[in-house]
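In order of appearance the chains are A, B, C and D, and numbering begins at 1 in each one.
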Amino acid sequence: MLPDGVVTLADHEDRVNTVLSPQTLAYFNGGAADEITLRDNMRAWQRIPLRPRVLRSVAGGHTRVSLLGRSLAHPILVAPMAYQRLAHPHAEQATALAAAVLGAGMVLSTQATTLLEDVAQLVLTEPSRGPLWFQLYMLPDRAFVRKLIQRVETAGYEALVLTVDAPVQGARERERRTGYRRPPELAAVNLAGRVAPRPRELQAGQSRLFDDLMTHAPSWEDVTWLRSITHLPVILKGITHPLDAQQAVACGAVGVIVSNHGGRTLDTMPATAHLLPAVLQAVGSEVPVLVDGGIRRGTDVLKAMALGASAVLVGRPVLHGLANAGATGVAHVLRLLRDELEIAMALCGCRSLDEAATLGIVDSTWPTRAHTL
Amino acid sequence: MLPDGVVTLADHEDRVNTVLSPQTLAYFNGGAADEITLRDNMRAWQRIPLRPRVLRSVAGGHTRVSLLGRSLAHPILVAPMAYQRLAHPHAEQATALAAAVLGAGMVLSTQATTLLEDVAQLVLTEPSRGPLWFQLYMLPDRAFVRKLIQRVETAGYEALVLTVDAPVQGARERERRTGYRRPPELAAVNLAGRVAPRPRELQAGQSRLFDDLMTHAPSWEDVTWLRSITHLPVILKGITHPLDAQQAVACGAVGVIVSNHGGRTLDTMPATAHLLPAVLQAVGSEVPVLVDGGIRRGTDVLKAMALGASAVLVGRPVLHGLANAGATGVAHVLRLLRDELEIAMALCGCRSLDEAATLGIVDSTWPTRAHTL
Amino acid sequence: MLPDGVVTLADHEDRVNTVLSPQTLAYFNGGAADEITLRDNMRAWQRIPLRPRVLRSVAGGHTRVSLLGRSLAHPILVAPMAYQRLAHPHAEQATALAAAVLGAGMVLSTQATTLLEDVAQLVLTEPSRGPLWFQLYMLPDRAFVRKLIQRVETAGYEALVLTVDAPVQGARERERRTGYRRPPELAAVNLAGRVAPRPRELQAGQSRLFDDLMTHAPSWEDVTWLRSITHLPVILKGITHPLDAQQAVACGAVGVIVSNHGGRTLDTMPATAHLLPAVLQAVGSEVPVLVDGGIRRGTDVLKAMALGASAVLVGRPVLHGLANAGATGVAHVLRLLRDELEIAMALCGCRSLDEAATLGIVDSTWPTRAHTL
Amino acid sequence: MLPDGVVTLADHEDRVNTVLSPQTLAYFNGGAADEITLRDNMRAWQRIPLRPRVLRSVAGGHTRVSLLGRSLAHPILVAPMAYQRLAHPHAEQATALAAAVLGAGMVLSTQATTLLEDVAQLVLTEPSRGPLWFQLYMLPDRAFVRKLIQRVETAGYEALVLTVDAPVQGARERERRTGYRRPPELAAVNLAGRVAPRPRELQAGQSRLFDDLMTHAPSWEDVTWLRSITHLPVILKGITHPLDAQQAVACGAVGVIVSNHGGRTLDTMPATAHLLPAVLQAVGSEVPVLVDGGIRRGTDVLKAMALGASAVLVGRPVLHGLANAGATGVAHVLRLLRDELEIAMALCGCRSLDEAATLGIVDSTWPTRAHTL
């Protein structure tokens, strides 16, 4: 059970320090290198000022949004996160159940520790559920990918979220310093049977990274291939450059997620709150643009939506809730965020999130002015 | 009695920590969420640079201002604050008396712990007094509001200050963490007899906030209604968006108060010092624009006036004075602020506050330049 | 004697903490109110970037400058500081002697604790001496001022420095908190015999400040009067607004000193490094513009000169040297500063300080760009 | 041997604190004066945001660059650093060997504690080696310089790197405070036999700095002279002003190194990351522009290259590796940096460093906007 003092996502984060080992915390909470991007993600949302409108009637207001042809109770989705069994024995099942009950979308990680079919069954039977998406890493074994996607389709997932920003893993030194090792009994169960590529023999002057590992990295051609083997809509996660956003749309992606992988891959990337406007400007009128990274408050969600995002994804806080109290903890985190979002909307005079983007309550150029103080 | 070391408003704030319980301090001093706006309010005034003029004769100078047809000894008013009995048994009577003697305006809170008639009697018999205003929350029970306003009129209040920025309460987590509960013996005595709305039964998918609580929130129509039932001038408190300021004037408000509720409702709102210029630009030539939030120094008052404000309201510091030494403490706080204002004026070469706005002693565009260092 | 570890002005400041009482330190080192300007003064010089030129021959270079018709060995003057006997029994004599030997100008304070004639005698007999100026507060007793100036002229002072930025004293709360009181045996000996004005009886609503104290404050008319009763050139100290600088020149001032009184009068004034450029732009081609406040390094001196200042004044560091080791300490401080200035010039490729202003080694617009990081 | 926890250059820096004496650390790690530039160097690279491109095929990518007609395995060179024997008994031999094996260029300091011929022999026999350059201080004894350069040519060095930003030594107060003295047994062995200039007798008013020391400082004429006595290409190190960069090219320099001497000479110079763009704009199309100062991460290297630099030099981290584990430590440091560079390139979608400058992954104007937060 959650003690009384846990009333914000930050409280969940504090509390999880007493629940998980330093090694697991390093894996879940750590970022790449000096963790500059990790910290900036949170700070950036905080520093975007909200300029509320008052005395507007918001009775009958709501947090509903429309996304890829579906109506959602609110725009909060659970970001794909690997190995949730590290946080709690109920793992992805607890996360998925809580998300479904709270109406939050669920994005299952390729590296889930629960069979994708089991998660789908839990979610799809919950009437209040949000979207159910499957996050995909483009594995070297493309035959396996094909089979995996067939399972995903059969299980009832509604979209594929292809991660494009992690062709190699970032240097997560917090993990290395604490000596984090994935426990051997913890398996990415949906990947059973895949063939790992044999390390190539390198010639003199060749690079393990460029001449072996990166030969398996996903490319724009793979996006096209992926679309050819599935009827599921494909969303690209990790798009941050406006030129890439345009190419994503040209390649048939039905949406993009502005993400820096939670600050876990390439340190010193800008905060996602600062990356979002340029991507919106490039493709925001053509496809939905989602965003994740550093969202810890309902005001953060409102700011993202007011800037023009179509939905937001929340990662680590969900893991903290999961570690703290299983499905109850996840539900608590999502509930806090949704409640805070409602209050922020009411205080800003927004009857709906569509309206939020039209009322002038955020001004993305402001931060450079008054709030640099 | 106040010890020797208390020579600034900050000293009062320090000292109050030894006087009040952590719970009461959380209620009085806390802000919404991460208290970013709470801190920014103070910092913003500090960072606006003063550029003094020298060798100007200011003999015979004064702090007098004209506000809504009255001449005031100085532009400092006591902001409306609820439940002052928590700070000191003499409560609003001590505050009102000290304010009157020091020539400061008094804005009594709807949630005062003293009968509004008793406060009025004390103030109105003091010859040096400033304006006496009544702060109003638009309660769901409109019949009660009508009766309350009749009492306010009869008692001699000179204006109504309608709070428009708190349709719901902000999440004040400092209160929740310390376990603050209003003591049961503490009553908002002027609200006795009002009928609280019964909670609505919600249908599936409805929101307690949007479909129940917010149906009672004040709207622009309520402003019009309020004006129709009283001959008192109406001032709107909590206006920060230029568009709202224009609508306030269009609705017949005789003044607006730029306020973010002391950082207590919507966190990450900009500091009021940064919100003021745009509101002044929108309506400053039509109605007086007052400001509150973070004013702790005479230089802060001077800056607000030099930017174009017509008066300022001071909240928490008055409570600190009250808690520290009752009416004496409040008087001390107001005196310090007024004395500091005089010194700041003298050092800036301002013979009057009207003049302050014309001498070029503040430059609201400066902060982004040299003072970002 | 100075221990080995004292190799910078900051070391002198550290060391003085072990030499003087907290009360005296509060008097010497404290600033007005929250000491924001006090801190900004130092930080501002540090943040102005130096962009050196290389491979320029600077053999035979020098720090000489020309000021008011005299050639000085270097542009560093000792700022006027009151009551130096608090720091060391040798007081202003030690300061003046060390300054003279080091070729630094000396500005004696009206509130010196040494007879102005004694200081003049010491300085004028030293061949390497810099300028000898007398700082003047415009006292209410103008007959006394007239006699004082006659003494100053007779003693051989070469200019009057009229302080214009302190018509009243700032609130120096560090002094009040430590309980600083000037020791009764410490007298401003040059002011003996002056008639202090009797406090006026105030009428109701009148202000001690505006209706009594400020009636004695200096005005532009006093500058004109002052010029009429002396043949000494008059420099105005405490000019920061460009409009005031222009008026100073129009009134016949032969120079202005950009100063915020070391952050001791009006808190939240900008740093002098940030005030200097506008004053230079307004009158820099007509009269010399000097600057003080926060100069602690030879690089600070070079930056001031490269921006266009004609000389700099140094205050507190001289007091620290005086307290630490009497005349030896003052000489050490001045020597460090001059040596650092030479090194900074050599490293920037400046053969002279005149040249410094033409080589593009400072860019006053830069701070807002790269150095806000 | 290096313990497990040393996985970044920062770890090397931490660890070296347990290996070297405070005095030696002060010498190696200290900067001039208040060490503002020292700190800014590092921070500036960190704050330049990387904006990666995704889904680009980088298989077969590489870190190769072309520099002065040679192809290098990667753009990382070891900066010239004096007295490496202080760090480890294997001194410059260990550094040079490790650099050669890792394909890093080696710039030997004039003040090396190893014979330049011995270093050359080690490097030139290693097939994977990078360029071998000799750093030159223009000594007062020009006949000695001529002989020294003959030795350098004979030994097989490929370029001369003339240091132009240290005509005198900066005030390194950390050294003075810790009482650092070079151990008497430590000699700049390549300088044996040079004649130190006799101190001049100064006349009254003359300056030891300007009238003696600086008469030996290098000048533009010396660059011309240097080119006349050697067939080796000459690179100028310490060029930061665009005008100086243009003059360097006009004088026949084949390259310039943007450097502030690691923050060791003139404090408050801008970070090299901020100085680089203007130099590139001035001469980047004519000669290679290299940069050093504060590079601690592969992302820093990538940013320098993406801005347009032709190579980077790394100083202190190499010393830390040397002190921690001799040649193994240096190799580890260089390996970490190169591996991080590869990962950063892969994550940014850069197949080569030439490409890095064309993909829009850094935007030197961004820092002033979003990242001032």
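One rule holds for everything that comes next: a contact is a pair of C-beta atoms (placed from the backbone, for glycine too) under 8 Å apart; a residue touches a chain by one contact, two chains touch by 3 or more.
Model, not experiment: these values are computed from the prediction.
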Turning angle required so that subunit B lies on subunit D, C-alpha fit (0 to 180°, nearest 5): 180
From subunit A, the most remote chain by mean C-alpha position: C
Length of the line joining the C-alpha centres of subunit A and subunit C, rounded to whole Å: 59
Computed distance of Cα centres, subunit D from subunit C, in Å: 42
Overlap residues in subunit C, where contacts from two or more other chains coincide: 47, 368, 371-372
For the subunit D and subunit C complex, residues of the former touching the latter: 33-34, 36, 40, 43-44, 47, 164-168, 170-171, 173, 176-177, 179, 205, 207, 209-211, 213-215, 217-223, 236, 238-241, 243-244, 247, 265-271, 274-275, 367-368, 371-372
Subunit D - residues contacting subunit A, complex: 4-5, 7-8, 10, 46-63, 73, 297, 299, 303, 339-340, 342-344, 346-348, 351, 360, 366, 368-373
